Structure formats: structure tokens, C-alpha cells
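To start, the structure itself, in C-alpha cells.
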Amino acid sequence: MSLTLEEAKKMIAASEKKAKEMGVTMVIAVCDNGGHLIALHKQDGALLVSIEVAINKAYTAVVAQMPTHELKAIAQPGTMAFGIHACRNIIIFGGGLPVKRDDKIIGGIGVSGATAEQDAECAQAGIDAL
Amino acid sequence: MSLTLEEAKKMIAASEKKAKEMGVTMVIAVCDNGGHLIALHKQDGALLVSIEVAINKAYTAVVAQMPTHELKAIAQPGTMAFGIHACRNIIIFGGGLPVKRDDKIIGGIGVSGATAEQDAECAQAGIDAL
Amino acid sequence: MSLTLEEAKKMIAASEKKAKEMGVTMVIAVCDNGGHLIALHKQDGALLVSIEVAINKAYTAVVAQMPTHELKAIAQPGTMAFGIHACRNIIIFGGGLPVKRDDKIIGGIGVSGATAEQDAECAQAGIDAL
Amino acid sequence: MSLTLEEAKKMIAASEKKAKEMGVTMVIAVCDNGGHLIALHKQDGALLVSIEVAINKAYTAVVAQMPTHELKAIAQPGTMAFGIHACRNIIIFGGGLPVKRDDKIIGGIGVSGATAEQDAECAQAGIDAL
């Protein structure tokens, strides 16, 4: 079971709305349960680097089965997974969340454009819309 | 001047509608005048390889300033640009179209999922919706 | 629904057996329905390049939803998809087969080490064992 | 002299057994004395990111001629090899072990899926089975 395009659109619309309320411009990406991109919207004026970062945050949340801010905690110098940020397409700061149904990962959402906390808040708004 | 997210959404909606009428499932990507992704939708069931191909078709149409089916003609063995498909992110078959306004390129659209002709037809539907 | 490790092992064992009967040494890779590697065995003496080729054949069969020898037919100069071999991890010669259940792709198998025909025959032996 | 496929299978079987006893799901990779993959099994439910990490742990143990947890110690900020994690395919946390015979490296084993300590314990179980 994976997210459908309709579900991805609904999630992105909610994240976009949240970003507007917060006065920020975001790139929002949603991927399936294999980490493959389903949908992406880049709000006008959002950072170009955020395209890759949003895609990779969604991917990371799926392949690591955890929010990117949790991966951050174990990827600092001296902690268990320091160095994992050098793996292909892995992002170790907030804004990527796994999407679950019946406790199974069905996809991921990644948001990039503002602070990691704001990114994560927008990503959560997407999940809440499901 | 580049395409806005609202314009990209309108284009993709038209391409999605066209794909449904044709009975195919597509990935549709729209990029800005720098070749950077603005929006992407992957219809349920579309080929996974089409994600990369659609993005790269939109990119190629912008950076080569021509439809990808025109690039195809000059990228065959023995013709002028043979080998260009090995350049980063370049696609040399139909389905990528530049988007112009007042004769200036303001973005690109790439569609992948069916035959190159069907891909190009869906991409054109997106441009017609502008 | 995707292939399990037990199913992948069974497939690989059958491919290995087939390779021994044929007197060749192969690398056999099985991936899930997202193109991610589940299992790989490299027979002693098999070509080192076959590691990457086998993995990519299994991947290609999943993401293109067709046997790699079918992709080959449409990826020649002058045909529809010429140039697609330059996409990330795409292989356009025989030896990669999608694995289906109830008409849905649940994974892929890729074999590399001998001729494309022999590779495909070993891959088919793996599927027949399911 | 390098590990054979039969030896690699025996190692992986022991690591799989250990993982089941520990109640975790792992990806286990074994490579030859050149760092090239010989065999890989991904237990059902194991993290997708663990595929790349397990392969790279086995590789790192061979090319650096030391367990990855020893490399970790000299790869932290301020220590001798800080930055080496950015080299291609290098992993600097536990779970990768070189495999030796008569004091010569004949291959490597990498395990990923749980804590670095658990990963290393499973890798050791593989070596103990030789």
C-alpha cells in the first residue's frame, strides 16, 4: 500500500496553505513507500536548493523509517550514526516525516524553505490533512 | 520571467486530463526558465522510470531551447549532436516541450509514461491550457 | 505486495542451479517492487562488472515494467526510446525480468555473466521457481 | 585468496539467525577482498537505507582494513581522519568487519538495521560461523 496521487495532492495543498499562513515559501515533496517522488510543488520564490532538499527529506523519512529530526539526533559527531549524511540522498535535519497507515509506512513528505522547525510544521500539516 | 506555480498546476491539470482521456498513466513535470523543477505529479500506476525521464525532458527542453523530439533528430548516430544523451539529464526522445511567452522561454514541460508521441501530445495539452 | 526474502532466495537458488547446468558463472540479483535490492549472489569467478549490471537489470525491469530485452528493442538508434540507457541505472539488454503476481509487479530479477540470452534464461529459471 | 560464495552464504545465514534471536531485521552484505559484493540478504521489513549502508560497511572494512567502529574513532571532528566519511562509499559507524584468514584480509561483512552495536554483533556472528 502506498499513497495515491490524490492523497499526495491533498497533503501538499495543506502544506502550501500552512506555509502561506506562516509567511514563508516552501518546496513540498511527497514520495511513495519506496522513496519515489509522487508529487512536488515549489512555491514562487522558494529556494532552488530546496527542490533537492525537500525530495531528499521525503526519501530519507521513508528509507530510514523515522522523521529527519530524529535522524538528526543520532547523526551528530560522537553519536551512533555520525556520517550517514554522506549516504546517497540522506538529509539529517528536520522537515521530513514518514506517512503511516495502520502502523505501516505508506510514503513520506518533505518540506524545505524556512527553518527546520517551520519545515517540519508544514510537513505535519500535510499529514494532518490525510 | 518564469512560469509560476499556479501556471504549472494549470498545465499539469490539463495534461492529467488528457492522459485520462487517452487511457494512459503519466508523470508530468514542469520546470522554470533555469530548468529547475516547479511541479510534478505522478499518476497512479505510471512507470517509476518516468519520474526521472519526465523531469529530464522538461529540463532538456529548456536548456536546449527546443522540443526533445527535435533534439532526437540531431542526436542519432551520424548526425550532428550524437552523444549528447550522455550529458547530464539530457533526454533525446519526444515528450519535452519548451514553454514560451513573447518568444522567450519561460519554462519547460516534460511528460513520460506512454509512447513518445502520446507523451508529446499530453505535454502540448499542458501548454495549450496556459 | 512485494517479494519476500524467502521468495528471493528460492529464485536465486533456481537461477544458480540453472547457471551450473549451463556451465556459466553468474551474478543474480532480486529486487522489490520499488527497485530496491533484496538479495544478491555472485557465483565464484563471475565478472565483477556483472554485480552492477545484475542489480541494474532487476531495477530496470521494475521501473520500466518490462523485460530488459523488450526495452532493448525500443532503445536502438532511430527507435522511440534511444538514449534511455543514459538514465540512472537503466540497462537495455537481456537478463532482467519483472516478477508479477495477479498481474501486478512485485519485484524484479536480474542476471549477468554470460550472453544476454543465457542471462535471460537463468532469470526465467528463477521466476519459474516461484 | 578471497571468500567464496559458499562461505558468504554460511556467514549470512549465521547473521540472519542472530538477528532473529535479537528480534531485529537486518541487511547483511558480504564482499570479497577487493571490496566487491559477493552476497546480500535483506530481511523483510529492514530499513531501505540499510541496503546501501550494509554494502558500504563491508566495503569500508576491506578498503580501510579495520572494523568500521575503529574507523569511527579516528573520523570524528578534531581527530585524524575527520572528513573521510565523504569519500565514496565510506561508513564510519559500527557494523562492518574485515574477514581474515592467516592474518590476510579475504573479505568483509557489513550489517545494518539496528543499533551500531547490534549491527556489529550480527556481523561478528557471521565471522564466527566461518
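By written order: A, B, C and D. Residues from 1 in each chain.
Just so it is clear, a residue touches a chain if its C-beta (ideal position, glycine included) is under 8 Å from a C-beta of that chain, and two chains touch if they have at least 3 such contacts.
Just so it is clear, the model here is predicted, and its values are computed rather than measured.
Summary of the copy comparison: rotating subunit B onto subunit C for the best CA superposition needs 95 degrees, to the nearest 5.
By number of C-beta pairs in contact, A-D leads over the other of A-D and A-C. Homomeric contact subunit A/subunit B is classed as same-residue, with over half of its interface positions used by both copies. Per-chain Cα centroids separate subunit A from subunit D by 29 Å.
Chain geometry summary: the mean Cα position of subunit A and that of subunit B are 25 Å apart. Between subunit A and subunit C the centroid-to-centroid distance comes to 32 Å (mean Cα coordinates, whole Å).
Multi-chain contact residues of subunit D (touching two or more other chains): 48.
Taken chain by chain, the contacts fit none of the simple shapes, being neither an open path, a ring, a star, nor a full set of pairwise contacts.
Pairs of chains meeting the touch criterion: A-B, A-C, A-D, B-C, C-D.
Touching subunit B in their complex are the following residues of subunit C: 34-35, 60, 62-65, 77-78, 80-84, 86-88, 90. Residue ranges of subunit A in contact with subunit C, taken from their complex: 32-36. Taken together, the subunit B residues at the contact with subunit C in this complex read 47-49, 52-53, 56, 72, 75-77, 85-86, 90-93, 115-116. On the subunit C side of its complex with subunit D, the touching residues are 4-5, 8-9, 34, 36-44, 48, 51.
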